[in-house]
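The following pair of complexes shares a single chain, chain A, combined with chain B in the former and chain C in the latter.
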Partner chain A sequence: MAAAALQPARAPAVGVFWLFVLPFAALTAVFGVWPIVLSIQTSFTASASALKPSPTWVGFANYLAIFADPVFVASLWRTLLYTLLAVTSTIVLALLYALLLNSALVGRGRTFFKLAVFLPVVTPDIAGYVVWRWLFDQSFGALNIALAALHLPTFGGLASTSTVLQAVLVAELWHHLGFYVVIFLANLALCDKGQTEAADIDGATALQKFWHVVLPQLRPALLVNSVYALIQYLKTFTVVAVMTKGGPNDATNFLSYYAYQLFDQGRYGEATAMASVLFAIVIVLAVGLMRVQARGTGS
Partner chain B sequence: MHQAARWQKILAWSVAGLVSFVCLYPYYWMLVSSFRTSKAILASPLRPWPETLSLDVLREIAMVGGTPLWRYALNSLVITGASTVLGVVVTALGAYALVRRPHFWAFRLLRAGFMVTIMYPYMLLVIPVYIVMYKLGLLGSYSGIVLFLALGPIQFFLLEQFFRTIPKSVIEAAVIDGATEVQILFSVVMPMAMPVVATASIITFLLNWAQWLPVLVVSRSPDTYTLPVALMNLNGELGVNFQGIMALSVLITIPVTLFFLIAQRRVMSGMTAGAVKG
Partner chain C sequence: MASVELRQVTKSYDGKTTVIHGIDLQISHGEMAVFVGPSGCGKSTLLRMIAGLEDISGGDVLIDGKRVNDVHPRNRDIAMVFQDYALYPHKSLYDNMAFGLRLRKTPEADIRSRVMDAARLLRIDHMLERKPSSLSGGQRQRVAIGRAIVRQPKVFLFDEPLSNLDAQLRAEMRTEIKKLHQRLGATIIYVTHDQVEAMTLADRIAVLSAGRKVQYATPQQIYNTPAAVFVAAFTGSPPMNLVPCRIEGGQALLGDAAVSLPLALVQRAAAATTHTFGIRPEAIGLGDQPGIALPARVVITEPLGAETLVTFQVGDAELVARCSAQFQHPPGSALTVRLAPEAMHLFDRASGQAL
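Our next item is the complex of A and B:
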């Protein structure tokens, strides 16, 4: 009865909320939903007519064309492999580092260590990557000079197809890791200390405590971090644009970068078809991950 | 037992110290190199301090790609500032409405549309946005760049998360007192939301300051380029100007670094807020 009485009072109020939401809705529609629809639509048209009012429809021709393009197929596999590598190393390293910073061992140093690892997150990525580009340089880079001074073998860096993915990954980890560390730290702060103490009394080893007590409580951060990292590494772009231009020999020519190059050449149909493929992968993987996680928590 | 704790502590500090060194060294190298001539950098790349503390490099990068440096700097300030103010106001109003009327079908549809937008690979969203800007006649305009940069996921989640925590009783009390929704927003909700709005503004500023691809794609000439786009151009030029690149990187990095150090707690908790609890 009370709820029913509230209904009429609420109905007129939606009008005002419409007003509040209008600018946000306009921006989302014009610079979000419309471009996405347009992109999907463009992927079914011929590139030459894409910008014209009545484009030529070509059905799935662009999709067939990109899957017949060996550069694209190689780029797709490369992107997936790199994403797998990058997401795994990001989650593992961020988790280990968060556990270290959360332990009593670092004590008062925590504030500084946290700042140091987070600073690159807010540093404009271009500025960071131009520096890394030169730190990796074969002859003038700090990294190889330091390695040589320590009589260690030199690192191929960006010049060699066998090391360029690692070099790009290091630069990306430098830029992104702090974000994931801080999310893990926020989750660790919410963990139930009583459970760990109870495990201590039961005589559990450090590894047992981590596996059976801490890790299950870190589920929220693990889920969020995996989804964020997945979306972020699938669209790896700036690091490639700054450091390698997709090279050497296409070794870092990831999907986003290849699609953007085609767009730059005016091949809109194929570029947007690639965008759709990447979008589909992001949606399937992200939703799949959330499903798996939801089932795991038994909710 | 005590002995073990001691070497564990030393190990922990060493690991954290090494990680921090790797995180911070690029800044140090960037700063030192910005004072050294390209020739000197190539001759001894690891020199820990510059030969001279001259600011001559500023004259060298006074023009980048035929456009004066101050123009890029001014563009950066104007575009980042305008997109931050617009973005936070628009997103705050939108998120507030979506939280207050979460079951209204049109609002649910809008939220879904926004979610899809932020899931779409950002770099590839820029391609169709170019077509949209072309159709709206916004290519090459400041308004086109500012409008596109105004929309972002982190400020939305941060504000939405906050509005959800406002107790229903607070709003109901205001309704009983006869306040209109506009009055509730401005005299009840907004005063409470000020700290979150400040955090959202700082974060949006930091993120938009770093943007380059949308600026590059929507622009028609260097007249609307920001500092990161100028750096991108300098980085791509033949006959690499090490010193210029490093000096420009320093110019881009210093303001956001200071901003971050001053507001570090807000930025770190804000960027990760809602992620775990939400």
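Our next item is the complex of A and C:
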């Protein structure tokens, strides 16, 4: 009787659920999943016939070819190293910035500093990177002019293989940091003040309170931010395309950019094989990170 | 164990809104003092000021005779049990209880023995490896109390520790806390809005209203000689009968019913121009019991099993009496009630103060 009474009320609710879900599910399938499937499919075909209705299947030949390509292997390691460096810097800096904004140290200026860190996120990335390219310019860049005026050694910027990664990272941090700060701030606002007070009375110093009480409560934001940052930096493309074109001497030739170059040269099979490798790395690392974090929360 | 003293303690926000108005209190070694009052009366704020979690705007807080206004909470040698427990969710129960001792670099063997002793006392020794999320409200509260006990502080502070528990568990934990106080002999300051909790636990009760101390006395004094209408109405269940009256010729006139007052009360009545008459429900008897006889009519009876609450119409006033369970008179019955003269109270209706 009770189940029969529930049925009419549940039926429209289920209908409404599908009404909302289906359009987005369809969009995701058409524009998200299908291109990935096509790309993986293309990676098993010969480049010359890849775009034809009946391509020539070559099995794992493209994969064997790219792993035999020293430029690809170097690019893969470079991408992983850059990602490690960028994710770590992003998480640490965003957390420090959010903690500072959340503390009593920042008084009336809080809104200004929130705005200052978030505005670059809503600024078009290409426009931002063009400005950064000019700032880092060896001869006419504002940074080196300022350093010279202060009689300090000039910065190699985008021209030197030893400094280009730092320069690219600075531009990317400028553009992305605000997003991560907002996520940390939202989590900080949800932290239990009672636990901090209990730690105060238990005798904890500020550092001990952060380590034992605040940081464990920031696990959700740490998880979201690290997974998102991992995906974002593994795919690094725009900053390279705008600022360095992969140079100097391949120093910023990351996986996405190298695949794009091959695609541009009509080497579709190898380019999509690289994209598929990158996709697999993103999935494995992101799922692995989520598992590790979830285990920490659940235990 | 230590004494706690508050001297003209004031709390105001932005220098404008004052929430605590110059409170003086003296809590002796090993005493359990309960701050009681309705929501927003400032009792928790006062406790948090003693803990050091709120700044003190004026006056002094002294622990063991030492002024602690500017001393950080960690250096006050206090422990606090919070209303929402404030346990560390990612730590096991053992680590929750051991945390404060570890921060103080207590040797691990000492920590172990203290935590195990407290856990056995609170009957949570079989679940020390569990996380707080797997515990019931009552168990979490035991852990929070355990965390305070292991520290062996000078003063324990309890901020409405039982208000998140259901009625039965609350009664059980109340008894446990009372036993704990008797066993530890510690100085405890306990905040609650529940007058039953205050009456059952306290050595002395501070009744607070709108940031002011209304009365600070033993539970018996609070109940038998309330200093103000507020205290009389706040304590007892049902509370004291409080009726506006006129005083004429040594009698309190409740409409056409005249209650002869004891001489001492008549003399004190002169201090006020308008009056409120008060009497506890158990001081109203029936038939041949001693006391001032008045004609009354039964309005309603509320049997509670062990006793029956009877509302009588006496003159203009309705008075609730605590009668025996055998009370059988139906509503509308005419009876004679007897008011015990020694249990009568008069209050200044303008100020609310007892006369």
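Basically, the second predicted complex is superposed on the first by the 274 of 299 C-alpha atoms of A that agree within 3 Å, B and C clash if a C-alpha of one lies under 4 Å from a C-alpha of the other, contacts with A are read in each partner's own complex, and residues count from 1 in each chain.
Criterion: a contact is a pair of C-beta atoms (placed from the backbone, for glycine too) under 8 Å apart; a residue touches a chain by one contact, two chains touch by 3 or more.
Just so we're clear, the structure is a prediction, and the values are computed from it rather than from any experiment.
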*Looking at the combined model built on chain A, do chain B and chain C fit side by side or clash?*
fit
*Can A:194 be said to touch chain B (first), chain C (second), both, or neither?*
second
*chain A: partner with more touched residues, chain B or chain C*: B
*Given the touch rule stated above, what does A:210 touch, chain B (first), chain C (second), both, or neither?*
neither
*In the superposed arrangement, which partner chain does A:202 touch: chain B (first), chain C (second), both, or neither?*
second
_In the overlaid three-chain picture, which partner chain does A:67 touch, first (chain B) or second (chain C), both, or neither?_
neither
*Go through the superposed model and pick first if A:118 touches only chain B, second if only chain C, both, or neither.*
first
*Which angle, in steps of 10°, is spanned at chain A by chain B and chain C when each chain is reduced to its C-alpha centre?*
90
*Thinking of the overlay built on chain A, is A:238 touched by chain B (first), by chain C (second), by both, or by neither?*
first
*Overlay on chain A, chain C to chain B nearest C-alpha distance, Å*: 9
*Of all the chain A residues, which ones make contact with chain B and with chain C?*
none
*Can you name the residues of chain C that touch chain A in the complex?*
51-53, 72-74, 78-80, 82, 84-91, 99-100, 103-104, 131, 147, 151
*Name, in rising order, each residue of chain A that touches chain B in their complex.*
9, 13-14, 16-18, 20-21, 23-25, 27-36, 38-39, 42, 50-51, 97, 100-101, 103, 105-106, 109, 112-128, 130-135, 140-142, 145-146, 174, 178-179, 182-183, 186-187, 190, 220-221, 224, 228, 231, 234-235, 237-238, 241-242, 256, 259-260, 263, 268, 271-272, 274-275, 278-279, 282-283, 286
_Complex contacts: residues of chain A adjacent to chain C_ = 192, 194-195, 197-205, 208, 212-213, 216, 299
*asked:* Help me check something: in the complex, which residues belonging to chain B touch chain A?
replied: 8-9, 11-13, 15-16, 19-20, 22-27, 29-30, 33, 41-42, 45-46, 89-91, 93-98, 100-101, 104, 107, 110, 113-114, 116-117, 119-132, 134, 136, 147-148, 150-151, 175, 180-182, 185, 206, 209-210, 212-213, 228, 231-232, 235, 242, 245-246, 249, 252-253, 256-257, 259-261, 264, 267-269, 271-272, 275-277
